[in-house]
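Pasting the structures here.
Two complexes, one shared chain (chain A), two partners (chain B, chain C).
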Partner chain A sequence: MQPVVPEITRTSVTNLINKGERTDGRALDQYREISLETGVIKKAEGSARVKIGNTQIMIGIKPQIGEPFPDTPNVGVFMTNSELLPMAAPNFEPGPPDERSVELSRVTDRGIREGKIIDLENMVLIPGKKVWMIFIDMHVVDYDGNLMDAAALGAMAALMDTKIPTATVQDDEVVIDYENMQPLPLKDKTVMCTMAKIGKELVSDPSLEEESIMGARISIGIRSDGTICSMQKGGERPFEKEEILKAIDMAQEKTKELFKYLPES
Partner chain B sequence: MERADGSAYLEFGDNKVLAAVYGPREFHIRRFLKPNMAVLRCRYNMAPFSVEDRKRPGPDRRSLEISKLTSEALSPAVFLEKFPRSSIDVFIEVLQAEGGTRCAGITAASVALADAGIPMRDMVVACAAGKSNGQVVMDLSEWEDKEGEADVPVAIMPRTGEITLLQMDGQLTKDEFEQALDLAKEGCMKISEEQKKAIKNRYGGD
Partner chain C sequence: MILVEDKDIVVPGEVLAEGEYYAGRGTFKDDSKVCSALVGLVAIRDDKISVLPLQSKYIPKRGDVVIGKITEVRFSMWNVDINSPYSGILPASDVFGREKRDMNKAFAVGDILFMRVVDVDEVKKVKLGLKGRGLGKFRGGILVEITPTKVPRLIGKKGSMINMIKDHTKCEVVVGQNGLVWVKGKPEMERVVEKVIKTIEAEAHTSGLTDRVREMLNQLLGIEEAEAEKEEEEDFKEELIQ
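Presenting the complex of A and B:
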């Protein structure tokens, strides 16, 4: 059975937020402590561990040479996948990815894809036949709310950490030189900012408790120049237009902070 | 449709979408049951013959995501709290696809919910806007969606204008986004009239 949030929790958290306060003492637009490490998995060509509060995600990047999709023969391929590990929360079950996990991967993927972050044109070895394929795998290890922002930040950091082997084409054959690793070609950076609607307010970086009582949430992906590259509403209550425009302003402001956790170039 | 409690068929441009509703009925899966309200479950499915290259039957990641979003888009309008421990099941079948099927699915599904006699605050309606060739336009076609710069599907409750579904992919500035949102809402209001017409045709009255 889905847990019922006690009415008293709902009321007290909401009342507090309507007064501009939160149960963990944060300001409405304040993130929990963020930590980001890269290069944490030696066997992966790029990796990152990201923590936002107690939420923790491990991200690994594996490149592989493969065939491009028939309708896009002249660009490389990347795929984003996520697993909500059963160890991360009591209500995560083993088995095939459920809707939550699919949404997490697809929203993260969309931010990177629509933001045109990876230079896919530069990942073609033999047009139509051989291209680099980049797999972004995200393991949710500990779940305490706001997976979207953690996943986007971690995936971006892991991509920036990625080194792929040099590949050259000789007589229609791909030769891979593992001795000479080079950075994955990237064109820009993106991060994501999620806000939850609780009571009359929008709060940044909702915790698990806040997510359990929120009406709705909105996740906004922003590129380094401030343009919006993806957006996703979630939750079972509606938003008003003004709230969404306010959320965009908050996201454009907050992402400036999040970008600081990523390396310079 | 004969067996379903409510159903609707929508042609929207070259999109052909069928929606059916069962429920409120007893919820068998204990794990997802909510003791204080009904759960609105949704299954969005594309027929293998609905698109140019045959789609492999069965759920893929895209349809799973759309199913979740559709359920979240419809839920705010339904008095779920009237039916504890039960489920309302919405099935959406895309028979022919030509861009904007998730919006067509939501639009058809809320008519089917009304046809099933499920108490609702409003009839949710959806429409997309986007940017193609540098211009913000309403209701992208399949081609505009693929070649265009951005796509913003929106669902609203037309009486209050509240937004129940919002996605965006592609790159937009805040001003362009606001324009797209307004345009999508305008589209929604037009389609909403068609929804009401469909219900009136079936049941009469004003």
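Presenting the complex of A and C:
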């Protein structure tokens, strides 16, 4: 159940944004403080903890050898899952993933998949039989708005942190050498920028309060060369064409800042 | 023998005193020892020892005035969220008397009301009422949330703190016992009040707070005024150039 938003809060926040200000004193296109750590989970092959303001997500990467999907025998497999932990917010319930959790994992997955970030062709051991499977697991531990950007940034950092064991094929058998770990084959980087439409303005990195009163939101995933690789629209209200074009310009600008948090490579 | 000093921070289970002492709120007695039951600050009054929690949730008490928001409109009552583990109900008869009118026209979901707790029964069903001076629906303004134990500090001795804030900012400020504060004035002043309230919440346990808050108010308002003057000056210059 969505919490009820007081009518006076809706009015005061909207009025403030129409004047170009925000309740926490940020500029309309300003992010909250971002912190990113990698290698925080020892047992995982790759991991990251990302914080945007009070929003916090833990991400772990687990590689495994398995059978590819029958329609794509010559590429590796990767899957993204997310968990909205009940401790993160009063309205997150335990149990099977709900709409928000499915959206979060699918949007993050889309950015990485359509951006062709992981070199999946290079992860085949025996075509049609044995390939590397990469599992990205995201756990939202604290929710204060803008999960999409945090998840996309954290998942990218965790992938860059990942080391997988060397696997070779000998007589149709896969031999895994845990002594020789190597980085996951990556081709590019991607991050995501989310904008919320409140009143007549677009604000980036909406906080929980802003998300609860926004008319609509748009998340844009961008690769390091500036090409758009994913997009997701949410909320009840429509966007006009000009607003989407403006959002893309803002995302191009903001993702440049977000890329700086990722390690060089 | 008292083992702690006034305003010390203690943790649950910590022994505060041994011997003939009264166990006040937030403490319990174990044989002849008085121990803390929560994380908070020690308050010693003669031979009564109590612990004030650093953070708390509002537990409704008859006679309190609270700020709540309508979460549901039902056949003959409104459900109200009063920032507490227990939700309140406002009966329609309390608002309309015997008349029957459209409930939604009076109060809709999302409205903020200032109410009195009329009754709390043994299963913590909270009955609210609107009879009294100043009670009713708020129009405009902003809401600020603080932890309910800090409410007395925000009000100050005989309202000294809250009156000072009102005088300095020319804002209307209403404090509910449940930790919600409603502020209405000029939008920029509302933000100043919000900032000040958050400071008071963070520094409620320190001494000399009223003076520091006055300084902070002067500083915040001073800057605002200076900026306004500057802008006016610039406008004036522009006019001259034209």
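The working rule: the second predicted complex is superposed on the first by the 263 of 265 C-alpha atoms of A that agree within 3 Å, B and C clash if a C-alpha of one lies under 4 Å from a C-alpha of the other, contacts with A are read in each partner's own complex, and residues count from 1 in each chain.
Here is the rule we go by: contacts are C-beta pairs under 8 Å (C-beta built on N, C-alpha and C of every residue); 3 or more make two chains touch, one makes a residue touch a chain.
The structure displayed is predicted, hence computed values, not measured ones.
*Asks:* With both structures superposed, pick whichever of chain B and chain C touches the larger number of chain A residues.
*Replies:* B
*Asks:* I'd like to know which partner A:R32 touches here: chain B for first, chain C for second, both or neither.
*Replies:* The answer is neither, since A:R32 touches no partner chain.
*Asks:* Regarding the shared-chain residue A:V4, is it in contact with chain B (first), chain C (second), both, or neither?
*Replies:* After superposing on A, A:V4 lies in contact with both chain B and chain C.
*Asks:* For A:K51, decide between first (touching chain B), second (touching chain C), both and neither.
*Replies:* neither
*Asks:* Check whether A:L16 is in contact with chain B, with chain C, with both or with neither, and answer first, second, both or neither.
*Replies:* Second partner only.
*Asks:* Could you look at A:I248 and tell me whether it touches chain B, chain C, both or neither (first, second, both, neither)?
*Replies:* After superposition on chain A, A:I248 lies in contact with chain B alone.
*Asks:* Once the structures are superposed on A, label A:G234 by its partner contacts, choosing first (chain B), second (chain C), both or neither.
*Replies:* In the superposition, A:G234 contacts chain B only.
*Asks:* On chain A, which stretch or stretches are contacted by chain B in one complex as well as by chain C in the other?
*Replies:* 4.
*Asks:* Show me the residue ranges of chain C that touch chain A in the complex, using the header's touch definition.
*Replies:* The contact residues of chain C facing chain A are 69-71, 81, 108-112, 138-143, 187, 190-191.
*Asks:* In the complex, go through chain A and note every residue touching chain B.
*Replies:* So the residues of chain A touching chain B come out as 1-2, 4, 93, 97-100, 102-103, 105-106, 110, 113-116, 218, 223, 227-241, 244-245, 248-249, 252.
*Asks:* Which residues of chain B touch chain A once you look at their complex with the stated criterion?
*Replies:* It is residues 30-36, 39, 61-62, 64-65, 67-69, 72, 75-76, 150, 152, 156-157, 160-174, 177-178, 181, 185 of chain B that touch chain A.
*Asks:* Can you check the complex and tell me which residues of chain A touch chain C?
*Replies:* Where chain A meets chain C, its residues are 4-12, 15-16, 19, 23.
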